[in-house]
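Below, chain A partners chain B and then partners chain C, in two separate complexes.
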Partner chain A sequence: MTDAPAVPSTALPARGWYKRNEIAVTPWLFLAPAILFFAFYVIWPIYQSIAISFYDWDGLGEARYVGMANYVELMDDSAFEVSLWNNLKWLLLYLLAIPGGLFIALFLNQTVTGIRIYKSLFFFPFVLSQVVVGLVFSWFYLPNEGLLNGVLGLVGLGPVNVLGDPTMATYGIIAAGLWPQTAYCMILYLTGLNAVDPEQIEAGRLDGAKGWRMLWYIIIPQLRPATFIAFVVTIIGALRSFDLISIMTNGGPFGQTRVLSFYMFEKALSEYGFRMGYGAAIAVVLFLIMLVFIAYFLWSMWSEEKGR
Partner chain B sequence: MRFTTKTMLMALAGSTMLAGAAAAELTGDLTIFLDTSNPAPRATMEAMIADFQELHPDLNIETTIIDRDAYKTQIRNFLTADAPDVATWYAANRMTPFVEAGLFEDVSDLWQEPEIAEALASTKGAMTIDDKQWGVAYTYYQWGIYYRKDIYDELGLSEPVNFDEMKSNCAAIIESGRKCYTIGTKFLWTAGGWFDYLNMRTHGFDFHMELAQGKVKWTDDRVRQTFANWRELIDMGAFVENHQNYSWQESLPFIVNGEAAAILKGNFAVAPLREAGLDDSKLDFYQFPEITAGIALAEDAPTDTFHIPANAKNKDNAREFLRYVVSANVQTEINSGENLGQLPVNAKSAVDDDKFLNEGFAMLSENSPGGVAQFFDRDFPAEMANEAMQGLQEFMVFPDNLDDILNRLDKVQERVYN
Partner chain C sequence: MFPTPIEKTPRSWQLTYQSLLPVALIMWLLPLIAVAVFSVKPAVDFTQGNYWGLPSSFELFNNYGQVFFNSDMPRYMLNSVLITVPTVIGAVALSCLAGFALGIYKFKSNIWVFFMFVAGNFVPFQILMVPVRDLTLDMGLYNTKTGLVLFHIAFQTGFCTLFMRNFIRALPYELVEAARVEGIAEWKIFWYVVIPLMKPAIAALSVLIFTFIWNDYFWAVVLTQGPESQPVTAGITSFNAQFRAAYHLMSAGSIVAALPPVLMFFLMQKHFIAGLTLGAVK
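Right, the complex of A and B next:
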């Protein structure tokens, strides 16, 4: 004999579509806003830039399809060449911020009275707006009244006009950019140093490691995550360099301090810029350069995940 | 404050209605975009619009003032997207892109009206493209050499009338340990002013315009002659050093401190120089001297303008506003020394009794037979002007690069004028 079930047996009410697929769908729901914005504000503009780069368009009238003409012209454009080289200088020299930040961090990673104040002072330039940094440095470099020439004068060196000399101006701007960027890297390393395992240092010490060997074999490997982030932000910072150039030299003297982003702005969006297609072509080249780094970053993050 | 203005206006509206004098009063909206962001022009414009509001109390006026440099890029957006009813801009070639794109309203009808046709005849050329007029001018100003009279007196120099005197004066000034001219070329256009004058004085207005229209190559021997004249001054050491670092404002201290004796500039330089302490006994003006004998003198006199965007919603109100702006009284008022300190475009207006405005007005109306140019970056197409001004700056720093610069400009010219 079978008893009636304790609970009234009705077929389970049909669960809603969402309930049935909850586990598969929910992550996508959470991701949806981000995906939407990313597609709309990043992917779509990239596609548009690439599309516009095949046109001759002044941003107002009719766009005329010109195929690869903008890119062909770029190959022969000396201003573009200068910008490309300057971008390379930025990329290489800006990386100095990483060792610079590391050594300041090591120096500040100790407990003495008032160390917090010193740390804040070193971090200070990163808090400043890039515009202020640019202004301060352009006054520092002023050919007659500037502090730099005052100091050089004391040791008997002739006056230099850093920002007015086409061979020096880019280096002058990079030096200005390194000031806040080093502070940024320093902060990254300071937090990284907090996570360094004291037991490993102790063990290293027992094995007789000190000084450079201690740094190279014990400390730096443990700082790898910080180094990675510092590398990422510095590369991106170098490729984005725009505000300092705009403030300090406005691309001059005669266009010798332009980088790709500034040149793109000048061609497409500035007072005299009427060439959206040409500007877009420059943007595409800049994007391709960035893509190399982005691919590398993604690849190294991916291989790290896999390694776990 | 807003409240009180509003109540005042309402009271005013009431009184005019009582008086029954509201003949052609406007109603509805009027949006005005201005680029007059410097303090004096800003106050002038605000006062002028307030007066217009008083005439038309039922009109709902909305004024937006945008930073002068930001305006130059923003105008491209707001003309297409959300157009105001009235917008400021510049005359001549600087209007071309917007006219060609159909973004400015054709206001030839205004120019048919007798008051405007007669009184504004002098600026008609600068407002005309394809035989139609695309706006009205509201102010213009002379360019010329502003110099330290006390330094000239001290050295026993007089205002030069030709290139030889200009050079001999300059030699004497350099002898006294000063520079002849201050200039700041960081933003390039100041070098365009020098080229305008040297080219117009060496070969005349028509040649300069042919170059602007791309009918003459930059590598032409006549252009080289202009640069050769310029180089004479550069090689003398006539210009302040490191000018590529300075904006024009930053170049003013040289003349204020007496380290340089003169500056080639528009009349807008007078206000900051006066403010810095150069009164009329120390600061004076002369017309850029003749270079090639017999060439008719021509001047730069940039003109600032009002336009009605093609997408404006209240075009009738806007037209009335333009009529108001160019009327004789308003022109007298807004261009007076304590307001814009520039020249009125209406022939029936009075020029304010200011030393520099008087000299400038006399120069432009009587001693500029060759013609009146707008300015380098307004007469040349934008892209050509930008590349060329960079070349001019480079030339001023490294005169030896001239061949390279001119070849480059030829290449740009080939592309731009096609």
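Right, the complex of A and C next:
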């Protein structure tokens, strides 16, 4: 930063404007670059997207104002309906990562030799990119060559073509997404468990609390901050699901694995024609769904700030 | 400690636990182990239907050699580095400044500016896609690494500022007050008092952002095309098209693409986990 006072004068009355207002001005100087970048690339585009959603535009030629037409069209679009339902499936099933992560964290919260390596290796899937996770799982699911059918064959089941079956494919992709997400929740809970108050546990033990009751009445309440973060990242992750779908099924079979984020991309930027306005309208719907959660997150952060 | 420490449980459960651990781990990583085994198999194993058995010969050097010397993979990797590193530097720098402003100074709109960053960070990418792609085209930065880097810096600034601001809030404020009493200029307080205390946060954020950006796929597809500027996450799809059905090479390629963040994680594990779990404990 170049906001140093020009000449540090020795005589007090000659202090410059900057010096007199230093405390009020400095934060804005520090904030300026971040706010500029953020406004230019994040805030302004949100507004623009909403505006574009009222236009019919192919991305190159003249945009034509069509009012609510894009939204009206959405109402009758069966692909949109499928995407919306799939988004709901993602939201609900993705939340399984939270109890799953807690379960693994409880399993690993011990102090035997080598446990640290076990913890890292259990966490490991989270570090992989979704693209790699998608590839790994699509090979895992392969109808003939995949390991899943190999294992199923051993117990006399299968073969199943998970990603080729319109009713199963979405669940197959969600399962792949749960793998890294559960790892993330696990690490949050491991950290949380570390900070659980041992005295409360001892007190609980003296009162005869064991197993499930101990977990439910003493441990889980103390894990609240970890649960909150796990909830936030899981919801966001579920609504952002794009990479896995694009890699594993590309929306198919018969468009049955599309979600809003993928369908929007398909409409706006693929060989099916550049329908920017229609794509933007889908994005706005997704944004509004997300906004409910964002408002809730901000509200809980705000009440916490006030509580300090 | 919960659950009951294993040392205090019956001997039988101790033994069960000890043997359960490796079994659980293998099951957890099974899809990945399969890919790792695929990547050292010879092509002939796949044509003969030997998918899950042991490799008939050990082709580690051959397969990975193909990836490194006979494909665009090194180029994609280099692109990824050239996109990821400047983004990490840019986003961390911007958020140090912004986090300092929001963490130290009390002014009316403080919380609103903060919430703007937080909310922006949660926004679905798709609402930004059309305008950002357009903007990048207009600036002549479509299909360049710079275009991707600039956007990533801007977007990551949201999360980074949230992180930095919370970290600075937890620092002892008396240090800043003491410095002010001494008459030290504000920017010097930032540089000489706060930044040295932020080193752990900077390290944690750098590792996290490195992983996030390296693993980004969506923006790579939206803002770039072709091997001149595409990062490895997007490049792997063309790589796979080049070696269609050659599972040994596709597996090796995927492992190579995943390696840098994995190494980063294992080398900087402490910082990585500290970054991810900030706020998970009160």
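In this text, the second predicted complex is superposed on the first by the 292 of 308 C-alpha atoms of A that agree within 3 Å, B and C clash if a C-alpha of one lies under 4 Å from a C-alpha of the other, contacts with A are read in each partner's own complex, and residues count from 1 in each chain.
By definition in this document, a residue touches a chain if its C-beta (ideal position, glycine included) is under 8 Å from a C-beta of that chain, and two chains touch if they have at least 3 such contacts.
Note that the coordinates shown come from a computational prediction; the quantities given were computed from them, not determined experimentally.
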Report for A:G164: first if it touches chain B alone, second if chain C alone, otherwise both or neither.
first
Touched partner set for A:P253, first chain B, second chain C, both or neither
first
Which partner chains sit in contact with A:I229 here, chain B, chain C, both or neither? Use first/second/both/neither.
second
Between chain B and chain C, whom does A:A209 touch in the aligned arrangement: first, second, both, or neither?
neither
In the three-chain superposition, say which chain, chain B or chain C, touches more residues of chain A.
C
Quick one: is A:V112 in contact with chain B, with chain C, with both, or with neither? Answer first, second, both or neither.
second
In the overlaid three-chain picture, which partner chain does A:L269 touch, first (chain B) or second (chain C), both, or neither?
both
When the two structures are overlaid on chain A, which partner does A:F122 contact: first (chain B), second (chain C), both, or neither?
second
Under the stated touch criterion, which partner chain does A:M301 make contact with: chain B (first), chain C (second), both, or neither?
second
Chain A residues where the chain B and chain C footprints coincide 59, 144, 269
Interfacial residue positions of chain A with respect to chain B in the complex
58-61, 73, 78, 138, 142-144, 161, 163-164, 249-250, 252-255, 266, 269-275
Touching chain A in the complex: which residues of chain C?
1-3, 5-7, 17-18, 21, 24-25, 28-32, 34-35, 38, 46, 51-52, 94-95, 97-98, 100-102, 104-105, 107, 110-111, 113, 115-120, 122-135, 150-151, 153-155, 157-158, 161, 185-187, 190, 211, 214-218, 221-222, 233, 236-237, 240, 247, 250-251, 254, 257-258, 261-262, 264-266, 269, 273, 276-277, 279-282
Considering the complex alone, what residue numbers of chain B touch chain A?
69, 72-73, 76, 79-80, 97-98, 100-101, 103, 186-188, 241-242, 244-245, 377, 382-383, 385-386, 390-391, 393-394, 397, 408, 415
Which chain A residues qualify as touching chain C in the complex?
1, 3-5, 22-24, 26-28, 30-31, 33-35, 37-38, 40-46, 48-49, 52, 59, 106-107, 109-112, 118, 120-125, 127-132, 135-137, 139-140, 144-147, 150, 179, 184, 187-188, 191-196, 198, 201, 214-215, 218-219, 225-226, 229, 232, 236, 239-240, 242-243, 246-247, 260-261, 264-265, 268-269, 276, 279-280, 282-284, 286-287, 290, 293-294, 297-298, 301-302, 305
